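Just dropping this structure here.
Order as written gives the chain letters A, B, C and D; numbering starts at 1 within each chain.
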Amino acid sequence: MLLSSMQTIATATTGHPLADTAAKFVWLLPALPLLGFVVNGLLSLTAAANIGPADPSAVGHGHDDHSQESTHGAHGAHDDHHVVRHRHAALVSLVGPGVLAASFVLAAAIFMAMRGVEMHVPFISTLFSWMPVGDLHIDAALQLDPLSMVMVLIITGVGTLIHIFSVGYMQDDPGYPRYFAYLNLFVFFMLLLVLGANYPLMFVGWEGVGLCSYLLIGFWFSEQANADAGKKAFIVNRIGDFGFLVAMFLLFSNLGALDFMGIAGSADKLQPGGPLVTTICLFFFLGCAGKSAQLPLYIWLPDAMAGPTPVSALIHAATMVTAGVYLIARSSLLFSMAPVASLTVALVGGVTALFAATIGLKQWDIKKVLAYSTVSQLGYMFVGVGVGAYAAGVFHLMTHAFFKALLFLGSGSVIYAMHAAYHATHSHDDAQDMRNMGGLKQYLPITWVLMWIATLAIAGIPVFSGFFSKDEILSSVFARAHGSPLADAVWLGIPGSALLYFVYALGLAAALLTAIYMTRMMLYTFHGPNRTGEMERNHLKEAPWTMTGPLVVLGVLSAIGGFLNLPEFFTTLIPALPGETLAKWLEPVVGSATARLAGGEGHLPASTEQLLVGVAITIAVAGIVIAVTRLKPAALVKKSESPESVGLEKMLEHKYYVDEAYEKAIVTPTIVVSRAVLWKGIDSGIIDGLMVNGSAMFARAFGWVGSQLQSGQVGTYAWVLVIGAVALLGAFVRAMQ
Amino acid sequence: MLAEALTLSAVLFAIGVVGVLTRRNAIIVFMCVELMLNAVNLSFVALSRLYGATGQVFVIFVMTVAAAEAAVGLAIIIAIFRHKQTVSLENINVLRG
Amino acid sequence: MTFTLAVPAQLMQALLPDLVLMGGAMVLMLMSAWGPESASRQRAVGLGSIGVLLVTLGFVIWYATAGMTSTAGIIAVDSFRWTADVILLIAAICTIGLSIEFNARESIHYAESHVLVLFATSGMMVLTAARDLMIVFLGIEIMSLAVYVLVGMNRRSERSAEGALKYFLLGAFATGFLLYGIALIYGATGTTNLLTIGQRIHDFHLTQNAMLLIGIALLLIGFGFKVAVVPFHMWAPDVYEGAPTPITAFMASAVKAAAFAAFFRVWTESFGQMHYAWILPIWWLAAVTMIFGNAVGLAQRNVKRLLAYSSVVHSGYLLVAVAAGTLLGSSAFLFYLFAYTLATFGSFAVVCAVSEPGDKKLGISDYEGLWSVRPGLAVAMAACMLALLGFPVFGGVGFFGKWYVLQAAVTSPYQLVPLAVLLVLTSVVSAGYYLNVVRVMFMMPRPEGATDPAPLGGMTKLVLVFSVVTMLILGVFPGPLANWTRNSRPTPPPATAADSAYMVRPIVAATP
Amino acid sequence: MTDFLNAIHYNIWILPVLLLLPLIGATGLMADAYFGRTTDGMGSSLSRVRGLALTYFVVELVLSLGLWWSVDTSSSTWQAYVSLPWIPLWGARILLGVDGISMLLILLTTILMPLAVLGGWTSIKENAHSYYALLLVLTTGMLGVFMALDLLLFYVMWEVMLVPMYLIIGIWGGQRRLYASIKFFIYTMVGSLLMLVAILYMGFLHPDATTQLPNFSYDYLLHSLALTHVQQLLLFVAFFLAFAVKVPMFPFHTWLPDAHVEAPTAGSVILAAIMLKMGTFGFIRYALPFFPDAAMDPRVRSIVLTLAVIGIVYGALVALVQPDFKKLVAYSSVSHLGFVMLGIFSLNVQSVQGALMVNLSHGISTGALFLLIGMIYERRHTRLIADYGGIAKVMPVFATILTIVTFSSIAVPGTNGFVGEFLVLVGSFRTQPVYALIAATAVIFAAAYLLWAIQRIIFNPLTKPENKGLRDLNWREIGLMAPLVFFIFWMGVYPKPILEKTQAAAERLVQQVEGGATMTAANEGRRK
């Protein structure tokens, strides 16, 4: 019934080859998680609600015996020390991952349908008209094309795995239904982001995922640090969103359209390389920098690790943070017309990749290492899309989703074990600090193996997925550094080609550091002696199958994911394998843009390419070797006994003091100025004090003086009368002349 | 002749005004007011030489009214004297502000 | 019918309402002198006075509706006079209504006090009729002499006596100026008849005549004193405070209305052509009055003084209507007077009800929490305050009064829009003290140990209910009052109407 | 539905009935107080009076709902038009009528009033009769402003609103209610009195040719006035002051924080949700169409836009540092209403439609915020943010609703706030890119101040012992928030029905102003 009525609303592009396939149910993709959100949300509220009395004011505030008693249960339930499984936990465990799985199945069905047809034109399903105002027509319309298909598959696929993992990880949390409600809502918005057929709808998803990120980072809101981190994430993201908004405004006021098709149709109004398109792209990139944690807006992502670990895996590694990359790939048409903006993207990406990697070297919190690693890897993706290798960027996005989700979930598994151990012994040590771990491989063998796979993938060891995607990006940079429109462009006086070589160098350096810090993490966590503690050691054990199962699947994907887009040099080695599958798949969306930026040559000579591959492998191996040889896990001591680090180490440990600098340079001055100057000064002081109350005071003072004149003396009155009379006579005599 | 009479009238009027402004005894102030009225009467009389009887009729009216005024005024002054035992205007200032 | 004023009998007929009132007053005077002072006699004479006033009111309404006119002469028989008379008579009735109970409470057993109100009222009626400076003078003096005494009526009160003395001395002083002004105008034009003055100014090109100008200035001082415009207002707060409360109300409404009526007639009928000379002084008088009166009003702590300053301020507003110098101004002027009289009596009735014997409980702080003990009084007082503020609906017809005056100002040929703006801006200042009363009554708690006001007497209640209800009804449907005042304007006698188009000058055709 | 409404001649009687019903209700309540003579305490009288009052408001709401169907918003004539004689001598008539814009504002009023009553259901215990009677009178005033098509009637209604609100703040308000109430009153009065003079001036500019009577009819004035540039400027300033104070625009806003903070819950809700809309409504209905040349004057326009943008950013920054949650919301209103002004004066279809949308959604969101504040205030008797913290643990339903409303106020897409702000910015960017760019930064500040505030209220550790015993919302409170939450999402997800209602009016406004300005310029031989 509901389905059929929705079907009538959805007016599919008639005549499109996908029109009569599963694609017509595209609206179900986001609708299913939304349904999950509604169910879980209601379950969360009905169970937690503590309906108040009819007259709240009649109840004493907090001194009432009844209220104390009745809230005791709820209060206790939130205490970490009492595990009280939520009473709807079973239902939630079914609904939460279930809707995602259903979405994934549908996505797979659509994917199968799409494989069989030529996707020159995207399939657009218009649900309803959202904001029709004058010549502005914004529809709630979903767009299916190869790019959004890839994203949908990643989101629903990896999302399903992480949802399943969460069942094990979060089951005993009192906020379990709330958690799944948020998570489902996130997937809804993420799907909206990638499926939206116009920028405003994409923006809905864009902000929506930010909102869910905010809610999930602050999931355990009773810790101020968590609530702070959520807020920080949202506000920093909003800075980016400002850029996104302005870009949209510029697009609409110049092109009169905001939907992707419309913009593609009228893009010829833009002058390639002109200031307008460059400005638009730069504003879009500001949005990307916020969402995808690039310099200078990356600061929220490490803090975002305050959320539950599966959240970090899903939102802050696999999907949401890559939205920026998706946005650029989606806007490839515009970016390809703006070489200067593209160079900016690449440069910022490269610098971020190296910058975050250096910080990652000295982090002790296992999730923080992964967080900076994510920032760094996102930098790579931006390098890719920045140089116009859109398929490479998306490819790295995908492999990164596999191995980084695996890394996070693995770390979640570790933390879960650590936490259980500490919980059992009532210890308050930090369950995330690597100095408290060590030698975990014997307790968590499955996790250990799988995380090594992911580490090798991210480090760029051949055959593992990350190797192919990272190499593709780096070789694209190298290729574009010569003879392409990018190389010919001038970026703030610097020739584009020089800039690209520099970016390439940054990428290599970052690759080296990546290998080092990832190996470091593995060594400190799983190798060497165990530092968890005598008692706790007995409680360390592998997580249940709901958690290890998804890990295994992700492990397989991390290992072989690279085969989805094998580079040419590799397929020449083994001709049986299909080459550049993803690139060909994305061709209808980003092909023309890629071609425009690639210039005439497109591909490097085979010899150069092989040289580059060799360099990349060497660097990855070198990084691992350096880490293994230089680092001494045995020498580590527990966090509580570690000495303060000094010098460069301290600076890295404190992340270059960037947070502190922002606090001092922006946050504090804003608050101080707002309070002292704007509020106390202008508002209370000048407007209210001087103008408003001042004029009232003036009138009163004047009145007081006047009433003093009213002395009660008849003589005075007569004098005033006569003075008035003289003045009046004067006025009349004056009138005579 | 008319001009002189009017001038005298004005001077008398001014003297009355100055008296009201400077004296502090209620009765003397009242006398000064009477002087002002009579100064005006002088004007009326002088002007009626020019225009006929109207001015003189007016004078009769003014004198009648002044008499009534004097009766009321002195009664009021007596009333205040009963309360204050003085008719000095400087001491009559309960009402003020 | 048209009275030929040159015929004494017809003159008498034209003055019939005034004579009825005077006659009644004399009879009552005899009655009250005819025996010992007593509360019951005071009450009986008071009721009798109301009767006389009602009869007079009947005559006035008869004359007003019968369309009486007259030839040129010393008095006017026109709708302006009758409308003003109606306002005066209503004010007088309300005054006596309040007085009967007030006197009983304050043990003022002089039945003459009511009679004096009648005499004062008869003086006022003479004033509204006057079309000769001599009659103006006579009317002012009849009125003033009675009011001097009324102010000092409460013989046991030092304040009352002091108020009377101040009013008397300054009043007589100002009369001197008025009289001198009349003399000079007579000297310049050779007549005291208003219409003739206007005609002679025109015929003999006297607009630049120094003697005339000085005369007008002095006349303005005299009127300014009676209506209490700044800087000739200094007596008003003291006298208003000292006088018995009903008499204060009488002064604030009737005395002011009568003086203004004469002022208005003199100004439009005689000095219409002189506007070039008086417009600026009157402009400034109005401005200074509005600014100064409102500001000083803010400093007041006594309700009666507060209302005194309010009265001063309203003189300023009325002066704007005078300055407009149009027929619309005349209508607005009467409309405003009516509205203002209602609001004044409403508020003074509350003051009477809240105050206690011996001039006590007159501070604004004595109204704290009035709403919690006497909600009716508080609501009525709030309505009156908002009316004086000129607020629509809740302030009843007060808003439309101001609206009408603003109409007159905006449509005036003398560019009075700045004055209109000043009027509204200064009325904002007045919100400071009017609302303070509302605030004190409604938003502050009743102080510990404060006694509740005594129950309202029947007459006081009647006056209160009449004024407030009329005010509120007219505040939603001002149409009847607007129609009535619209047709009330100083009308030159028919005989001279043809050749005296300039007399009421300038007549703006566009105005209703 | 439309057929049924036609059958009962709905359009003929609805507007007068909507105006009169609250008055009858107020009279009824006062009669009940007078003749009932029961105490105003906790007794049965209280439940009777509030039940009675709620009934009146609900009947009013039900009656008004028909407007949604009966008003033909695409028509260029006034709908549900009523013309009754009032004061013929002064050319004033009782002219009532609505278009799409005013219809929505009327519905906003009638929907929010019962909710406001429910919001103060248990917190108003003293003098409940008068309280509800004043609310009813206030309703008449507010509806009157939206319906009036005669300038004198408009002005009267405009002022009528003032007194009930003054008393509501002053009698049932908080600590500094005396100061706040008088400030509210005088501030508003200063602005509106100049408008009074301006209205008079306009009415008399073109009196009727035969009767010489003035005419204050909206339509008559709109078509007959041919004002010069200078006249337009002066009159515009007079109207501007009246409306700018009400909006409130920087720097005329300082009455708002005080009034909001001190008013009881219903007062704050009505102030924020409805009364502020009078200002923007005034600009749309009066100031712009009457004085197009002044409004389009580059200097005037840049001043207004500058003030609007200052208000947006300044309000947000000052809100950031407010320790009092109500004050914070008050300053956020300054910021939000700045968007409305930006939209109106950018003057294209998108921005004007967006402004109308912000108008409505600000009414919903800020009304909801004040209701929520009222709920915790009733429990804890403090509005200071610092006195709370972590109460999401004990009040999860409250926390959920507060979060939703907050995000609507931040203008997260999918909520009502976004649609309006987006349209305003999209539209204003076309004509006034610099102002729009600065205004857009408010998306950052709005998130900052609101998130910081709710973090300190519902998140963070639950440390204060007084907060540990707090009880969650009861069914009444949940029930009264439910419609608001529904509107938040409805207007955010599917605003089309609402946008359609205002489309014609917005387009007409843009044409009127642009056409009018061109005409005046042509008359004076200036080149646009």
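Descriptive notes on the structure:
Going forward, a contact is a pair of C-beta atoms (placed from the backbone, for glycine too) under 8 Å apart; a residue touches a chain by one contact, two chains touch by 3 or more.
This one's a predicted model, so the numbers in the text were calculated from it and none came from an experiment.
Nearest to the global CA centroid, when each chain is reduced to the mean of its CA atoms, is chain D. Distance between subunit C and subunit D, defined via averaged C-alpha coordinates, is recorded as 42 Å.
Averaged C-alpha coordinates give centres for subunit B and subunit D that are 64 Å from one another.
Chain centres here are Cα averages; for subunit A and subunit B they lie 95 Å apart. Note: centroid distance subunit A to subunit D, computed from Cα atoms, is 37 Å.
Residue positions of subunit D touching 2 or more other chains: 186. Among all residues of subunit B, those that touch two or more other chains are 17, 20, 29, 89, 92-97. Shared interface positions of subunit C, i.e. residues touching 2 or more other chains, are given as 165-166, 169, 173, 237-238, 299-300, 432.
Inter-chain contacts, as defined above, occur between A-B, A-C, A-D, B-C, C-D. The residues of subunit C lying in touch with subunit D in their complex are 386, 391-394, 399, 403, 406-407, 410-411, 417, 420-421, 424-425, 427-428, 431-432, 435-436, 439, 442-444, 477-479, 482-483, 486, 509-512. Residue ranges on subunit A touching subunit C, taken from their complex, read 696, 699-700, 702-704, 706-707, 709-710, 712, 714, 716-718, 720-721, 723-725, 727-729, 731-733, 735-736. Interface residues of subunit A, counted against subunit B in their complex, comprise 707, 710-715, 718-719, 722.
Within the complex, the subunit D residues that touch subunit C are 86-90, 152, 155-156, 159-160, 162-163, 166-167, 170-171, 177-178, 181-182, 185-186, 189-190, 193-194, 196-197, 200-201, 204, 207, 212-214. Those residues of subunit A that touch subunit D in the shared complex are 44-45, 48-59, 61-64, 67-68, 70-71, 74-75, 78, 128-136, 140, 200, 203-204, 206-208, 211, 214-215, 218, 221-224, 227-228, 230-231, 234-235, 238-239, 241-242, 245-246, 248-250, 252-253, 670-671, 673-675, 678-679, 682-683, 687-688, 691-692, 696.
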